[in-house]
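Listed below are the structures to be examined.
Two complexes are shown next, each including chain A; its partner changes from chain B in the first to chain C in the second.
Presenting the complex of A and B:
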(Lines of atoms letter the chains of each structure in order from A and count residues from 1; the text may use other names and numbers.)
(Lines give C-alpha, C1' and ligand atoms only; values in the text may rest on other atoms or scores of the structure.)
Protein backbone atom coordinates (compact mmCIF):
# COMPACT_ATOMS: atom_id res chain seq x y z
CA UNK A 1 0.00 0.00 0.00
CA UNK A 2 1.38 3.38 -1.04
CA UNK A 3 0.43 7.01 -0.56
CA UNK A 4 -0.34 9.08 -3.62
CA UNK A 5 -0.80 12.85 -3.67
CA UNK A 6 -2.68 14.57 -6.47
CA UNK A 7 -3.05 18.32 -6.96
CA UNK A 8 -5.87 19.83 -8.98
CA UNK A 9 -6.54 23.37 -10.19
CA UNK A 10 -9.41 23.17 -12.70
CA UNK A 11 -12.84 24.36 -11.49
CA UNK A 12 -15.84 22.04 -11.81
CA UNK A 13 -17.74 21.70 -15.13
CA UNK A 14 -14.91 23.12 -17.26
CA UNK A 15 -12.21 20.61 -18.09
CA UNK A 16 -11.79 16.97 -19.13
CA UNK A 17 -8.89 16.93 -16.66
CA UNK A 18 -11.39 16.70 -13.80
CA UNK A 19 -13.02 13.36 -14.71
CA UNK A 20 -9.59 11.94 -15.54
CA UNK A 21 -8.32 12.98 -12.12
CA UNK A 22 -11.36 11.41 -10.46
CA UNK A 23 -10.72 8.20 -12.40
CA UNK A 24 -7.12 8.10 -11.16
CA UNK A 25 -8.21 8.73 -7.55
CA UNK A 26 -10.92 6.06 -7.84
CA UNK A 27 -8.46 3.51 -9.28
CA UNK A 28 -5.90 4.31 -6.57
CA UNK A 29 -8.43 3.76 -3.79
CA UNK A 30 -9.63 0.52 -5.40
CA UNK A 31 -5.99 -0.63 -5.49
CA UNK A 32 -5.81 -0.04 -1.73
CA UNK A 33 -3.64 3.08 -1.72
CA UNK A 34 -4.02 6.11 0.52
CA UNK A 35 -4.80 9.20 -1.52
CA UNK A 36 -4.25 12.86 -0.69
CA UNK A 37 -5.93 15.43 -2.91
CA UNK A 38 -5.01 19.11 -2.75
CA UNK A 39 -7.45 21.52 -4.35
CA UNK A 40 -6.05 24.83 -5.48
CA UNK A 41 -7.68 27.89 -7.07
CA UNK A 42 -10.96 27.00 -8.84
CA UNK A 43 -10.70 23.31 -7.95
CA UNK A 44 -11.94 24.13 -4.43
CA UNK A 45 -15.39 24.28 -6.06
CA UNK A 46 -15.36 20.52 -6.69
CA UNK A 47 -16.52 19.75 -3.16
CA UNK A 48 -18.85 22.74 -2.78
CA UNK A 49 -22.03 21.34 -1.24
CA UNK A 50 -24.26 24.04 -2.78
CA UNK A 51 -24.06 22.51 -6.28
CA UNK A 52 -27.53 21.78 -7.66
CA UNK A 53 -28.83 19.74 -10.58
CA UNK A 54 -30.99 21.79 -12.90
CA UNK A 55 -33.71 21.52 -15.53
CA UNK A 56 -33.14 22.50 -19.17
CA UNK A 57 -35.82 25.03 -20.16
CA UNK A 58 -34.68 25.06 -23.81
CA UNK A 59 -35.32 21.33 -24.19
CA UNK A 60 -38.18 21.34 -21.70
CA UNK A 61 -36.61 18.63 -19.59
CA UNK A 62 -36.73 18.35 -15.81
CA UNK A 63 -33.73 18.20 -13.50
CA UNK A 64 -34.44 14.49 -13.03
CA UNK A 65 -34.50 13.89 -16.78
CA UNK A 66 -31.29 15.86 -17.26
CA UNK A 67 -29.64 13.82 -14.50
CA UNK A 68 -26.56 16.06 -14.45
CA UNK A 69 -23.72 14.70 -12.37
CA UNK A 70 -22.48 17.11 -9.74
CA UNK A 71 -18.80 16.81 -8.77
CA UNK A 72 -19.70 17.15 -5.07
CA UNK A 73 -21.43 13.76 -5.39
CA UNK A 74 -18.31 12.28 -6.99
CA UNK A 75 -16.26 13.58 -4.06
CA UNK A 76 -18.70 12.05 -1.56
CA UNK A 77 -18.59 8.84 -3.57
CA UNK A 78 -14.81 8.71 -3.29
CA UNK A 79 -15.03 9.16 0.49
CA UNK A 80 -17.56 6.31 0.65
CA UNK A 81 -15.31 4.11 -1.49
CA UNK A 82 -12.29 4.83 0.72
CA UNK A 83 -14.29 3.88 3.82
CA UNK A 84 -15.46 0.68 2.14
CA UNK A 85 -11.91 -0.26 1.08
CA UNK A 86 -10.32 0.69 4.40
CA UNK A 87 -8.03 3.30 2.85
CA UNK A 88 -7.61 6.99 3.63
CA UNK A 89 -8.75 9.85 1.41
CA UNK A 90 -7.57 13.28 2.54
CA UNK A 91 -9.35 16.07 0.62
CA UNK A 92 -7.62 19.37 1.40
CA UNK A 93 -8.83 22.70 0.05
CA UNK A 94 -6.61 25.76 -0.18
CA UNK A 95 -8.24 27.90 2.51
CA UNK A 96 -7.56 31.26 0.89
CA UNK A 97 -8.94 29.97 -2.42
CA UNK A 98 -12.11 28.92 -0.59
CA UNK A 99 -12.46 32.32 1.07
CA UNK A 100 -11.98 34.21 -2.18
CA UNK A 101 -14.81 32.25 -3.76
CA UNK A 102 -17.13 32.00 -0.75
CA UNK A 103 -17.13 28.20 -0.99
CA UNK A 104 -16.91 27.39 2.70
CA UNK A 105 -19.83 24.93 2.50
CA UNK A 106 -18.17 21.66 1.54
CA UNK A 107 -19.16 18.01 1.50
CA UNK A 108 -18.45 15.96 4.61
CA UNK A 109 -14.81 14.93 4.83
CA UNK A 110 -13.28 17.88 2.98
CA UNK A 111 -10.99 19.99 5.11
CA UNK A 112 -9.27 23.34 4.99
CA UNK A 113 -5.52 23.63 4.50
CA UNK A 114 -2.79 25.51 2.70
CA UNK A 115 -0.06 24.91 0.10
CA UNK A 116 2.14 23.87 3.02
CA UNK A 117 -0.10 20.79 3.34
CA UNK A 118 0.54 19.99 -0.31
CA UNK A 119 4.28 20.06 0.30
CA UNK A 120 3.99 17.85 3.39
CA UNK A 121 1.70 15.36 1.66
CA UNK A 122 3.96 15.20 -1.40
CA UNK A 123 7.03 14.68 0.79
CA UNK A 124 5.33 11.75 2.53
CA UNK A 125 4.03 10.10 -0.66
CA UNK A 126 5.52 7.59 -3.04
CA UNK A 127 3.71 9.19 -5.97
CA UNK A 128 2.92 12.80 -6.81
CA UNK A 129 0.93 14.22 -9.71
CA UNK A 130 -0.10 17.84 -10.19
CA UNK A 131 -2.63 18.69 -12.88
CA UNK A 132 -2.52 22.42 -13.52
CA UNK A 133 -4.81 24.51 -15.68
CA UNK A 134 -3.61 25.18 -19.23
CA UNK B 1 15.03 6.51 -12.73
CA UNK B 2 11.42 5.80 -13.62
CA UNK B 3 9.35 8.50 -15.31
CA UNK B 4 5.67 8.76 -16.15
CA UNK B 5 4.71 11.45 -18.64
CA UNK B 6 0.97 11.95 -19.13
CA UNK B 7 -0.08 13.68 -22.35
CA UNK B 8 -3.67 14.96 -22.41
CA UNK B 9 -3.46 16.89 -25.69
CA UNK B 10 -2.90 15.98 -29.31
CA UNK B 11 -0.29 17.54 -31.55
CA UNK B 12 -3.16 19.47 -33.18
CA UNK B 13 -4.24 20.96 -29.82
CA UNK B 14 -0.88 22.47 -29.00
CA UNK B 15 2.55 22.87 -30.51
CA UNK B 16 4.09 22.10 -27.13
CA UNK B 17 3.02 18.44 -27.37
CA UNK B 18 5.98 17.75 -29.66
CA UNK B 19 8.31 19.08 -26.97
CA UNK B 20 6.70 16.71 -24.45
CA UNK B 21 7.27 13.79 -26.82
CA UNK B 22 10.86 14.99 -27.17
CA UNK B 23 11.27 15.08 -23.39
CA UNK B 24 10.10 11.47 -23.19
CA UNK B 25 12.55 10.40 -25.89
CA UNK B 26 15.43 12.32 -24.32
CA UNK B 27 14.77 10.81 -20.88
CA UNK B 28 14.76 7.34 -22.44
CA UNK B 29 17.98 8.10 -24.33
CA UNK B 30 19.50 9.05 -20.98
CA UNK B 31 18.95 5.52 -19.70
CA UNK B 32 15.72 6.12 -17.80
CA UNK B 33 12.64 3.91 -17.82
CA UNK B 34 9.94 6.08 -19.41
CA UNK B 35 6.22 5.58 -19.90
CA UNK B 36 4.24 8.04 -22.02
CA UNK B 37 0.56 7.70 -21.12
CA UNK B 38 -1.89 9.23 -23.59
CA UNK B 39 -5.23 10.37 -22.20
CA UNK B 40 -8.18 12.54 -23.34
CA UNK B 41 -7.33 14.11 -26.74
CA UNK B 42 -3.81 12.80 -26.31
CA UNK B 43 -4.97 9.48 -27.79
CA UNK B 44 -5.91 11.10 -31.12
CA UNK B 45 -2.32 11.09 -32.32
CA UNK B 46 -2.12 7.33 -31.80
CA UNK B 47 -4.62 6.50 -34.59
CA UNK B 48 -2.99 4.60 -37.43
CA UNK B 49 -4.50 7.03 -39.94
CA UNK B 50 -3.15 10.15 -38.25
CA UNK B 51 -0.77 12.10 -40.45
CA UNK B 52 1.82 12.74 -37.76
CA UNK B 53 4.87 10.50 -37.43
CA UNK B 54 6.31 12.03 -34.29
CA UNK B 55 4.54 9.71 -31.85
CA UNK B 56 5.54 6.65 -33.88
CA UNK B 57 9.13 7.80 -33.61
CA UNK B 58 8.89 8.20 -29.82
CA UNK B 59 7.23 4.78 -29.50
CA UNK B 60 10.39 3.12 -30.84
CA UNK B 61 12.26 3.94 -27.62
CA UNK B 62 9.54 4.77 -25.08
CA UNK B 63 6.74 2.63 -23.66
CA UNK B 64 3.57 4.32 -24.94
CA UNK B 65 0.15 3.51 -23.49
CA UNK B 66 -3.24 4.88 -24.56
CA UNK B 67 -6.05 5.22 -22.01
CA UNK B 68 -8.82 2.71 -22.78
CA UNK B 69 -11.62 5.04 -21.62
CA UNK B 70 -10.38 7.92 -23.80
CA UNK B 71 -10.16 5.56 -26.78
CA UNK B 72 -13.73 4.32 -26.25
CA UNK B 73 -15.03 7.89 -25.91
CA UNK B 74 -13.54 8.65 -29.34
CA UNK B 75 -14.60 5.35 -30.97
CA UNK B 76 -10.98 4.30 -31.52
CA UNK B 77 -10.52 0.54 -31.24
CA UNK B 78 -7.23 -0.97 -30.00
CA UNK B 79 -6.73 -2.41 -33.49
CA UNK B 80 -6.61 1.14 -34.88
CA UNK B 81 -3.52 2.16 -32.91
CA UNK B 82 -0.11 2.66 -34.50
CA UNK B 83 2.66 0.17 -33.82
CA UNK B 84 4.28 0.61 -30.43
CA UNK B 85 1.16 1.98 -28.69
CA UNK B 86 -0.85 -0.31 -26.41
CA UNK B 87 -4.35 0.17 -24.98
CA UNK B 88 -4.24 0.41 -21.18
CA UNK B 89 -6.55 0.95 -18.22
CA UNK B 90 -5.77 3.93 -15.99
CA UNK B 91 -4.59 1.46 -13.34
CA UNK B 92 -1.22 1.64 -15.12
CA UNK B 93 -0.93 5.27 -14.01
CA UNK B 94 -1.75 4.31 -10.42
CA UNK B 95 0.79 1.49 -10.42
CA UNK B 96 3.55 3.79 -11.64
CA UNK B 97 2.63 6.52 -9.13
CA UNK B 98 2.60 3.97 -6.30
CA UNK B 99 5.96 2.69 -7.49
CA UNK B 100 7.55 6.10 -7.14
CA UNK B 101 7.79 7.16 -10.78
CA UNK B 102 8.45 10.86 -11.27
CA UNK B 103 5.29 12.08 -12.95
CA UNK B 104 4.54 15.01 -15.24
CA UNK B 105 1.19 16.07 -16.71
CA UNK B 106 0.86 18.01 -19.95
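Presenting the complex of A and C:
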Protein backbone atom coordinates (compact mmCIF):
# COMPACT_ATOMS: atom_id res chain seq x y z
CA UNK A 1 0.00 0.00 0.00
CA UNK A 2 1.41 3.35 -1.07
CA UNK A 3 0.48 6.99 -0.57
CA UNK A 4 -0.19 9.23 -3.54
CA UNK A 5 -0.59 13.00 -3.55
CA UNK A 6 -2.52 14.64 -6.35
CA UNK A 7 -2.94 18.38 -6.89
CA UNK A 8 -5.85 19.77 -8.90
CA UNK A 9 -6.47 23.31 -10.11
CA UNK A 10 -9.34 23.24 -12.62
CA UNK A 11 -12.77 24.33 -11.40
CA UNK A 12 -15.74 21.98 -11.79
CA UNK A 13 -17.62 21.99 -15.11
CA UNK A 14 -14.65 23.44 -17.01
CA UNK A 15 -12.17 20.76 -17.99
CA UNK A 16 -11.70 17.14 -18.98
CA UNK A 17 -8.86 17.16 -16.45
CA UNK A 18 -11.45 16.78 -13.70
CA UNK A 19 -12.94 13.39 -14.69
CA UNK A 20 -9.44 12.19 -15.61
CA UNK A 21 -8.14 13.07 -12.15
CA UNK A 22 -11.18 11.50 -10.48
CA UNK A 23 -10.59 8.30 -12.43
CA UNK A 24 -6.99 8.19 -11.22
CA UNK A 25 -8.08 8.79 -7.62
CA UNK A 26 -10.78 6.14 -7.94
CA UNK A 27 -8.32 3.60 -9.38
CA UNK A 28 -5.76 4.30 -6.65
CA UNK A 29 -8.31 3.81 -3.88
CA UNK A 30 -9.60 0.60 -5.49
CA UNK A 31 -6.00 -0.64 -5.54
CA UNK A 32 -5.81 -0.01 -1.81
CA UNK A 33 -3.64 3.10 -1.80
CA UNK A 34 -3.95 6.15 0.43
CA UNK A 35 -4.71 9.26 -1.59
CA UNK A 36 -4.13 12.90 -0.66
CA UNK A 37 -5.79 15.49 -2.85
CA UNK A 38 -4.89 19.16 -2.68
CA UNK A 39 -7.36 21.54 -4.30
CA UNK A 40 -5.94 24.82 -5.51
CA UNK A 41 -7.71 27.89 -6.96
CA UNK A 42 -10.94 26.97 -8.79
CA UNK A 43 -10.66 23.29 -7.87
CA UNK A 44 -11.88 24.13 -4.36
CA UNK A 45 -15.33 24.29 -5.99
CA UNK A 46 -15.29 20.53 -6.60
CA UNK A 47 -16.42 19.77 -3.06
CA UNK A 48 -18.73 22.77 -2.68
CA UNK A 49 -21.89 21.40 -1.11
CA UNK A 50 -24.11 24.08 -2.65
CA UNK A 51 -24.02 22.47 -6.10
CA UNK A 52 -27.51 21.68 -7.33
CA UNK A 53 -28.77 19.33 -10.04
CA UNK A 54 -31.06 20.86 -12.62
CA UNK A 55 -33.42 19.98 -15.45
CA UNK A 56 -32.29 20.26 -19.07
CA UNK A 57 -34.68 22.45 -21.07
CA UNK A 58 -32.90 21.73 -24.38
CA UNK A 59 -33.35 17.99 -24.00
CA UNK A 60 -36.72 18.36 -22.32
CA UNK A 61 -35.69 16.25 -19.35
CA UNK A 62 -36.46 16.72 -15.68
CA UNK A 63 -33.83 17.04 -12.97
CA UNK A 64 -34.63 13.46 -11.93
CA UNK A 65 -34.24 12.14 -15.47
CA UNK A 66 -30.97 14.01 -15.92
CA UNK A 67 -29.53 12.78 -12.60
CA UNK A 68 -27.07 15.60 -13.03
CA UNK A 69 -23.63 14.48 -11.84
CA UNK A 70 -22.51 17.22 -9.48
CA UNK A 71 -18.80 16.78 -8.68
CA UNK A 72 -19.52 17.19 -4.96
CA UNK A 73 -21.27 13.79 -5.19
CA UNK A 74 -18.19 12.31 -6.85
CA UNK A 75 -16.10 13.57 -3.94
CA UNK A 76 -18.50 12.00 -1.46
CA UNK A 77 -18.45 8.80 -3.53
CA UNK A 78 -14.67 8.68 -3.31
CA UNK A 79 -14.81 9.14 0.47
CA UNK A 80 -17.34 6.30 0.69
CA UNK A 81 -15.17 4.04 -1.45
CA UNK A 82 -12.10 4.80 0.69
CA UNK A 83 -14.08 3.83 3.80
CA UNK A 84 -15.17 0.59 2.13
CA UNK A 85 -11.62 -0.28 1.11
CA UNK A 86 -10.07 0.71 4.43
CA UNK A 87 -7.84 3.33 2.82
CA UNK A 88 -7.48 7.01 3.59
CA UNK A 89 -8.63 9.88 1.38
CA UNK A 90 -7.49 13.29 2.53
CA UNK A 91 -9.24 16.13 0.67
CA UNK A 92 -7.50 19.41 1.44
CA UNK A 93 -8.72 22.72 0.07
CA UNK A 94 -6.48 25.75 -0.21
CA UNK A 95 -8.13 27.86 2.49
CA UNK A 96 -7.43 31.24 0.91
CA UNK A 97 -8.85 29.98 -2.40
CA UNK A 98 -12.01 28.95 -0.54
CA UNK A 99 -12.28 32.38 1.08
CA UNK A 100 -11.86 34.22 -2.22
CA UNK A 101 -14.74 32.30 -3.71
CA UNK A 102 -17.02 32.05 -0.70
CA UNK A 103 -17.06 28.26 -0.96
CA UNK A 104 -16.80 27.46 2.74
CA UNK A 105 -19.70 24.99 2.58
CA UNK A 106 -18.03 21.72 1.63
CA UNK A 107 -18.99 18.05 1.64
CA UNK A 108 -18.23 16.01 4.72
CA UNK A 109 -14.60 14.99 4.89
CA UNK A 110 -13.10 17.97 3.07
CA UNK A 111 -10.80 20.10 5.17
CA UNK A 112 -9.03 23.41 4.98
CA UNK A 113 -5.28 23.71 4.42
CA UNK A 114 -2.50 25.55 2.64
CA UNK A 115 0.33 24.90 0.15
CA UNK A 116 2.36 23.78 3.15
CA UNK A 117 -0.02 20.83 3.47
CA UNK A 118 0.60 19.93 -0.16
CA UNK A 119 4.33 19.93 0.53
CA UNK A 120 3.99 17.78 3.64
CA UNK A 121 1.69 15.31 1.89
CA UNK A 122 3.97 15.13 -1.16
CA UNK A 123 7.01 14.54 1.03
CA UNK A 124 5.26 11.64 2.73
CA UNK A 125 4.07 10.09 -0.54
CA UNK A 126 5.60 7.64 -2.96
CA UNK A 127 3.79 9.24 -5.89
CA UNK A 128 3.05 12.88 -6.77
CA UNK A 129 1.03 14.36 -9.61
CA UNK A 130 -0.08 17.98 -10.00
CA UNK A 131 -2.55 18.75 -12.78
CA UNK A 132 -2.48 22.51 -13.23
CA UNK A 133 -4.91 24.49 -15.33
CA UNK A 134 -3.77 25.98 -18.60
CA UNK B 1 -32.71 37.45 -39.14
CA UNK B 2 -29.01 36.99 -38.51
CA UNK B 3 -27.44 33.55 -38.92
CA UNK B 4 -25.17 32.30 -36.16
CA UNK B 5 -22.21 29.97 -36.49
CA UNK B 6 -20.75 28.24 -33.46
CA UNK B 7 -17.15 27.27 -34.12
CA UNK B 8 -16.44 24.53 -31.59
CA UNK B 9 -12.76 23.88 -31.00
CA UNK B 10 -12.30 23.63 -27.22
CA UNK B 11 -13.56 20.05 -27.01
CA UNK B 12 -14.49 17.93 -24.00
CA UNK B 13 -14.58 20.89 -21.68
CA UNK B 14 -16.67 19.74 -18.73
CA UNK B 15 -18.68 17.33 -20.88
CA UNK B 16 -18.92 14.64 -18.20
CA UNK B 17 -20.23 17.00 -15.55
CA UNK B 18 -22.52 18.81 -17.98
CA UNK B 19 -23.66 15.60 -19.73
CA UNK B 20 -23.14 17.40 -23.03
CA UNK B 21 -20.90 19.96 -24.70
CA UNK B 22 -21.77 23.44 -23.53
CA UNK B 23 -21.20 25.04 -26.94
CA UNK B 24 -23.40 22.52 -28.76
CA UNK B 25 -26.01 22.84 -26.01
CA UNK B 26 -25.96 26.64 -26.28
CA UNK B 27 -26.36 26.49 -30.06
CA UNK B 28 -29.25 24.06 -29.68
CA UNK B 29 -30.85 26.48 -27.23
CA UNK B 30 -30.45 29.34 -29.73
CA UNK B 31 -32.16 27.18 -32.36
CA UNK B 32 -34.99 26.33 -29.97
CA UNK B 33 -35.44 30.07 -29.43
CA UNK B 34 -35.87 30.54 -33.17
CA UNK B 35 -32.36 31.43 -34.35
CA UNK B 36 -30.85 30.13 -37.57
CA UNK B 37 -27.70 28.42 -36.45
CA UNK B 38 -24.83 26.26 -37.60
CA UNK B 39 -22.01 24.41 -35.90
CA UNK B 40 -18.47 24.00 -37.23
CA UNK B 41 -16.43 21.33 -35.48
CA UNK B 42 -12.70 21.78 -35.71
CA UNK B 43 -9.65 20.49 -33.91
CA UNK B 44 -10.43 17.78 -31.38
CA UNK B 45 -14.13 18.68 -31.51
CA UNK B 46 -14.41 16.64 -34.72
CA UNK B 47 -14.57 13.56 -32.47
CA UNK B 48 -18.10 14.66 -31.51
CA UNK B 49 -19.27 13.61 -34.98
CA UNK B 50 -18.07 10.01 -34.66
CA UNK B 51 -20.99 7.56 -34.60
CA UNK B 52 -21.77 5.27 -31.70
CA UNK B 53 -19.93 6.89 -28.84
CA UNK B 54 -20.61 5.31 -25.49
CA UNK B 55 -19.29 6.59 -22.18
CA UNK B 56 -21.55 4.50 -19.99
CA UNK B 57 -20.02 2.65 -17.07
CA UNK B 58 -18.08 5.56 -15.65
CA UNK B 59 -18.10 5.75 -11.86
CA UNK B 60 -16.22 7.69 -9.24
CA UNK B 61 -16.06 5.88 -5.95
CA UNK B 62 -19.57 4.75 -5.11
CA UNK B 63 -21.18 7.28 -7.45
CA UNK B 64 -22.06 5.81 -10.85
CA UNK B 65 -22.85 8.03 -13.80
CA UNK B 66 -26.37 7.32 -14.99
CA UNK B 67 -26.58 10.13 -17.52
CA UNK B 68 -23.33 9.91 -19.44
CA UNK B 69 -22.91 12.41 -22.29
CA UNK B 70 -23.93 11.29 -25.78
CA UNK B 71 -22.20 13.91 -27.86
CA UNK B 72 -22.96 12.27 -31.21
CA UNK B 73 -26.65 12.06 -30.40
CA UNK B 74 -26.68 15.70 -29.35
CA UNK B 75 -25.45 16.58 -32.83
CA UNK B 76 -28.12 14.33 -34.36
CA UNK B 77 -30.74 16.24 -32.36
CA UNK B 78 -29.37 19.51 -33.71
CA UNK B 79 -29.42 18.24 -37.30
CA UNK B 80 -33.04 17.15 -36.83
CA UNK B 81 -33.83 20.74 -35.94
CA UNK B 82 -32.18 22.02 -39.13
CA UNK B 83 -28.97 23.13 -37.52
CA UNK B 84 -26.26 22.75 -40.16
CA UNK B 85 -23.35 20.81 -38.72
CA UNK B 86 -19.97 21.04 -40.44
CA UNK B 87 -16.55 19.69 -39.61
CA UNK B 88 -13.09 20.45 -40.93
CA UNK B 89 -12.22 17.49 -43.16
CA UNK B 90 -8.47 17.66 -42.55
CA UNK B 91 -8.96 17.73 -38.76
CA UNK B 92 -10.86 14.43 -39.00
CA UNK B 93 -8.29 12.93 -41.37
CA UNK B 94 -5.40 14.02 -39.13
CA UNK B 95 -7.00 12.04 -36.31
CA UNK B 96 -7.54 8.94 -38.42
CA UNK B 97 -11.31 9.25 -38.48
CA UNK B 98 -12.61 7.70 -41.71
CA UNK B 99 -15.57 9.34 -43.42
CA UNK B 100 -17.66 6.21 -42.84
CA UNK B 101 -17.38 6.68 -39.07
CA UNK B 102 -19.01 10.11 -39.20
CA UNK B 103 -22.65 10.82 -38.51
CA UNK B 104 -24.82 11.11 -41.60
CA UNK B 105 -25.78 14.70 -42.19
CA UNK B 106 -22.49 16.18 -41.05
CA UNK B 107 -20.97 18.29 -43.82
CA UNK B 108 -17.22 17.96 -44.36
CA UNK B 109 -15.53 21.24 -45.24
CA UNK B 110 -11.94 21.53 -46.49
CA UNK B 111 -9.83 23.80 -44.31
CA UNK B 112 -9.28 26.24 -47.18
CA UNK B 113 -13.03 26.84 -47.39
CA UNK B 114 -13.58 27.81 -43.76
CA UNK B 115 -13.50 31.50 -44.70
CA UNK B 116 -16.23 31.04 -47.28
CA UNK B 117 -18.30 29.09 -44.77
CA UNK B 118 -18.00 31.79 -42.12
CA UNK B 119 -19.07 34.33 -44.76
CA UNK B 120 -22.39 32.49 -45.06
CA UNK B 121 -23.20 33.44 -41.47
CA UNK B 122 -23.68 36.89 -39.98
CA UNK B 123 -22.31 36.21 -36.53
CA UNK B 124 -19.77 33.71 -35.28
CA UNK B 125 -19.03 32.48 -31.77
CA UNK B 126 -15.68 30.79 -31.39
CA UNK B 127 -15.82 28.33 -28.48
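As a working rule, the second predicted complex is superposed on the first by the 132 of 134 C-alpha atoms of A that agree within 3 Å, B and C clash if a C-alpha of one lies under 4 Å from a C-alpha of the other, contacts with A are read in each partner's own complex, and residues count from 1 in each chain.
Operating definition for what follows: contacts are C-beta pairs under 8 Å (C-beta built on N, C-alpha and C of every residue); 3 or more make two chains touch, one makes a residue touch a chain.
Just so it is clear, the model here is predicted, and its values are computed rather than measured.
Asks: For the overlaid complexes, name the partner, chain B or chain C, with more touching residues on chain A.
Replies: C
Asks: With the two complexes superposed on chain A, say which partner A:28 touches: chain B (first), chain C (second), both, or neither.
Replies: First partner only.
Asks: Per the contact definition in the header, classify A:132: touching chain B only (first), chain C only (second), both, or neither.
Replies: After superposition on chain A, A:132 lies in contact with chain B alone.
Asks: For A:2, using the defined touch cut-off, is the partner it touches chain B, chain C, both, or neither? Pick first, second, both or neither.
Replies: Once the two structures are laid over each other on A, A:2 reaches chain B alone.
Asks: Now for A:49: first (chain B), second (chain C), both, or neither, which partner does it touch?
Replies: In the superposition, A:49 contacts neither chain B nor chain C.
Asks: Considering only touches as defined above, state whether A:81 meets chain B (first), chain C (second), both or neither.
Replies: A:81 contacts chain C only, not chain B.
Asks: Does the superposition put A:13 against chain B (first), chain C (second), both, or neither?
Replies: In the superposition, A:13 contacts chain C only.
Asks: Of the partners chain B and chain C, which touch A:73 in the superposed model: first, second, both, neither?
Replies: Second partner only, chain C.
Asks: Considering each complex separately, which residues of chain A are in contact with chain B in the first and with chain C in the second?
Replies: 16, 23.
Asks: In the complex of these two chains, what residues of chain B are touching chain A?
Replies: Where chain B meets chain A, its residues are 6, 8, 39-41, 67, 69, 89-91, 93-101, 103, 105.
Asks: List the residues on chain C that touch chain A in their complex, please.
Replies: 12-20, 25, 28-29, 32, 58-63, 65-67, 77
Asks: Quick one: in the complex, what on chain A touches chain C?
Replies: Residue list for chain A touching chain C: 12-16, 18-19, 22-23, 25-26, 29, 56-59, 65-71, 73-74, 76-82, 84.
Asks: For chain A, which residues are in contact with chain B within the complex?
Replies: Going through chain A, the ones touching chain B are 2, 4, 16-17, 20, 23-24, 27-28, 31, 33, 126-132.
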